[in-house]
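First chain written, first letter: the chains are A, B and C, and each begins at residue 1.
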Amino acid sequence: HGAKMSKAAGCRGFLHHVFDYETAKTLVIPHFGVGIVFRFTQLLVVLYVVGYVCVVQKGYQETDSVISTVTTKVKGFAYTNTSDMDPRMWDVADYVIPPQGDSSFFILTNLVVTPEQTQSHCPELPNPSTVCKDDCDCIEGYNDPRRNGIRTGLCENFSTTVKTCEVFSWCPLEVDTRLPKKALLAAAENFTVLIKNSITYPKFNFHGRNILPHVNSSYLAHCEFNRLTDPDCPIFRLKRIISEAEADFQEMAVKGGILGILIDWSCDLDWWAGKCLPKYSFRRLDSQNQDNDVAPGYNFRFAKFYKRADGVEERTLIKAYGIRFEVIVFGTVRPKQILKSSVPIVADWVMLTCMRKRDLYTKEKVTYLVESPDSEPVSDHCSEARYSEVSCMCCSCS
Amino acid sequence: HGAKMSKAAGCRGFLHHVFDYETAKTLVIPHFGVGIVFRFTQLLVVLYVVGYVCVVQKGYQETDSVISTVTTKVKGFAYTNTSDMDPRMWDVADYVIPPQGDSSFFILTNLVVTPEQTQSHCPELPNPSTVCKDDCDCIEGYNDPRRNGIRTGLCENFSTTVKTCEVFSWCPLEVDTRLPKKALLAAAENFTVLIKNSITYPKFNFHGRNILPHVNSSYLAHCEFNRLTDPDCPIFRLKRIISEAEADFQEMAVKGGILGILIDWSCDLDWWAGKCLPKYSFRRLDSQNQDNDVAPGYNFRFAKFYKRADGVEERTLIKAYGIRFEVIVFGTVRPKQILKSSVPIVADWVMLTCMRKRDLYTKEKVTYLVESPDSEPVSDHCSEARYSEVSCMCCSCS
Amino acid sequence: HGAKMSKAAGCRGFLHHVFDYETAKTLVIPHFGVGIVFRFTQLLVVLYVVGYVCVVQKGYQETDSVISTVTTKVKGFAYTNTSDMDPRMWDVADYVIPPQGDSSFFILTNLVVTPEQTQSHCPELPNPSTVCKDDCDCIEGYNDPRRNGIRTGLCENFSTTVKTCEVFSWCPLEVDTRLPKKALLAAAENFTVLIKNSITYPKFNFHGRNILPHVNSSYLAHCEFNRLTDPDCPIFRLKRIISEAEADFQEMAVKGGILGILIDWSCDLDWWAGKCLPKYSFRRLDSQNQDNDVAPGYNFRFAKFYKRADGVEERTLIKAYGIRFEVIVFGTVRPKQILKSSVPIVADWVMLTCMRKRDLYTKEKVTYLVESPDSEPVSDHCSEARYSEVSCMCCSCS
């Protein structure tokens, strides 16, 4: 009978076979105790999901990304008195660019100023490709994007010893090799910045601020962030945050750089998980690898435009070196990861270990295969813990 | 025989036990009807995934985040005529900062102007720590970052009654306590802003715009967003969006604030899900909690630099109060969540409820354990619906 | 006995039934060979997860989004000599707005200049609603936000033939219909931009830069991005990236537009996956649909403020047309998706196909249901591959 059956099975064509339906075998145990554990665990999860997550947090979503707004306000001033420049006071309107207090702001620490530029003619800076002997070396209209202007075709005295081709450009040309070795606004290390950050997880309708509820105005008027003593103060001294990023302010101030102020709002919104608080970290974002970098540090050029009494437009070109601070807010919420997979694990564990009749349940749930084809399969009295899943879960929690 | 076997099983050492292999038991039902339902459901899903998702949407991904670009264009002008200032017309080049029409823009509504500042000497503003009797009270070079400049060591008349220490700074100093109680540019409530937003879900190759296909130029020339009557118009009157955020324009205009214009592009890209349309919402983002806030509202300082005929640099310092609008675009797509888990549920349901031989299938699929260890386990004729999963799914849809 | 049992089962009430516990039936096979394959596969995954992912990458997370910083530096200059304007050299301080080298920067390519505006009175531009015959047509104080200023109540000569209402505004008024047909800074197509991009996947502690380790300074000094010959060079010629986005520079330069420079850092951080490298793509982001668009292209107004010798504030209003470049960095990592589901599949496949006693294992694992209720269920000797899952996985890889 069995042989005929297996032969029949063997003959069944592929087409027929395709329409077989494969489904998992299940065991139903009508034991009130195990059932109540199973249902109770399930009920807890359902109640939690429906009651807390859906009603209180108004959303049931697996994950959500943060929406954030940041304002920044720098305080401090610097006084400079160098041979290159008149004595000068620098305040926020001078050194914060752009001034709006966005999440990204730049603090000027060093600069090359080229005042009183006008659209006119002047000899180029000396350089193997610009030095000339007479006008024949200078092709009129020649226009190299890596140079400074359009050649007029004349060869002029750059200094008493060197002649270079004359160009039409904003003259006099900038000489950006005269960058001060010590940052002009070295005093900027003592400037402070107040960072206000509000966040929302829209799917969970969760709102947070980095100015925590227990913090009051009088504390904020005088505090300064310190990871150990004042971890909740949103006012940061520039020197401290740069040293937290393992960089040196004075070294960064000369050639400029980019510093990330990272605010991590990742958190678990389950009610037992405690408050959702911001975690600050600081990281230098520009490359410090001198080998494969162009234009190391951070600088840019801008100009202040003036009009002379005779109507001629004049500008002061500023090559600004400094530190760009970027407040980067990130975070995801990902609740109930462990909870969902807990229901069958708990009920199985109770059934297979705690119940008086655990041997019977185990026998029916687990078929223990014996090698001899004659013998009946027997059940094993001990089920392996799903340790691999558990170990993965532990790992994912860290 | 059974006893020997169970004894042998008991003696098996841990090491051996570790290499047991545990696998789910399955039941194969060679019924053409059930099989065809099973395969047909599977085929539909595969065809959908391969045909629509992989070919039409050119991507099969579980989730994707939006990439967005926003341009904004403010229209309107205001006329001011106060005792502090000459009559003046304000247009976009005056009150929109920065002018570029980015996703974040600031509209000036109130300001404290300090014109004709130069680098010079002037007495500090009176204050317990700045009032002096004679020069001995003013230490030369003293430099408090919370004050306004470097002390020259002189004690000068601030007014006829008060003497304060003289500082070197941008003089005259700003007196920012004279902020108008009623916003200077109160008329800004009638300004409008056109928001153009294009988005992409790169993995799905989906593109969208907030100017919908059915909207034409003549409508756009005159429409104004209204949640009820014109929900698709991308032109927003400032007063309206601030009132939608449950704030008051005139109150915000005095001290400034931040308003989020949220555009939610979350959608289901399955073909039956309808069009993927933007949903606008508005939310005040700066804190209104007076208790634990520093510098409530939103303001920043910037300067316009001039050069006098005698070559001296002069600036007009402006402490600008106003409303920063942030267009925040967010969204994720997460298709086919329900679809994937539907195949076995549908086939199981058909098999266990609709088929003529459902009792046989149920008997083989489901072993119903009976308490007495002697009796054979029997099958239950009715399988519980996977209601907990279903309830979770329902919840997740809302 | 069976009948009594089934009757008892039928009578069992709903409440009792609810507390039945349903669990999957499993088969344990104490075969050393299969077990070792099972455990070995599992061990590999656990070792990989614990060793490489948790220790080397310091995080085990399912997915993570990129955190990025971008700096840009434009090079090049343009010379203009048109009838409207004096000959002029344009350098970065003139045409890059804002100048800071952020991820979003604007390059001026065309402009309408309105010099020497002051707060004064002038007749409006002729237009059906502004033309007047005498002062009665002009209501004093009338203030239409779509017009240019506040009416003074006078009707003045705009030209020798047309009279219009006089307004108080920044006068003379801008005539923005005189936009050059050929972009003024057509030469901007040869400007280059250096893009420096550093990224971090914080949960994986992975850092990357678009200047790759094998790229050196001398190469960077002269290279230019080309998808075929120089795909790693981070210096882009504007003309090329616009043509890669299937747009035309000269056409975009006239009315302006927005161009996205997309850097995709999506990658698999599994160690065998090779390096995580940036992929560049370029896409025009502003709409080119003329039918339902307002203000096509991209432009904004800004002003340069001057002070005359007599103290009157004067401004040069510039309506700037140009191309806004947005460097958009995106990416997610999603490792080990396939790995996790591989353990049972590999072990099942080995067990059911490679083992000598595969028939026995198959018989116990898979119950093959026979139609006749009398016959014993038999096992099938061949298990279907989980082809649907596999096909989905393949699809998801593409």
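The criterion applied here is as follows: a contact is a pair of C-beta atoms (placed from the backbone, for glycine too) under 8 Å apart; a residue touches a chain by one contact, two chains touch by 3 or more.
Everything numeric in this text was worked out from a predicted model, so none of it was measured.
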Field rot_deg for pair subunit A/subunit C, CA superposition, rounded to the nearest 5 degrees, holds 120
Across the interface between the identical copies subunit A and subunit B, with over half of residue numbers shared counting as same and under half as different, the residues used are different
So, in whole Å, the Cα centroid of subunit A is separated from that of subunit B by 16
Two or more other chains are touched by the subunit C residues 17, 20, 22, 24-31, 65, 98, 306, 309, 364, 366-368, 370, 380
The subunit B residues in contact with subunit C across the complex are 12, 16-31, 42, 45-46, 49-50, 53-54, 60-62, 65, 67, 69, 71, 73, 75-77, 79, 86-89, 91-94, 98-102, 190-192, 194, 196, 198, 200, 202, 209, 211-217, 220-221, 304, 306, 308-309, 314, 343, 357, 360-361, 364, 366-368, 370, 375-376, 378, 380-381, 384
So, in the complex, the side of subunit A touching subunit C is made of residues 1-2, 5-6, 9-10, 17, 20, 22, 24-32, 34-36, 38-39, 65, 97-98, 104, 106, 119, 143, 145-146, 148-150, 168-170, 258, 260, 262, 264, 283, 285-287, 291-295, 298, 300-303, 305-307, 309, 315, 317, 324, 326, 328, 330, 332, 344, 347-348, 351, 364-371, 373, 377, 380, 388, 391-392, 395-396, 398
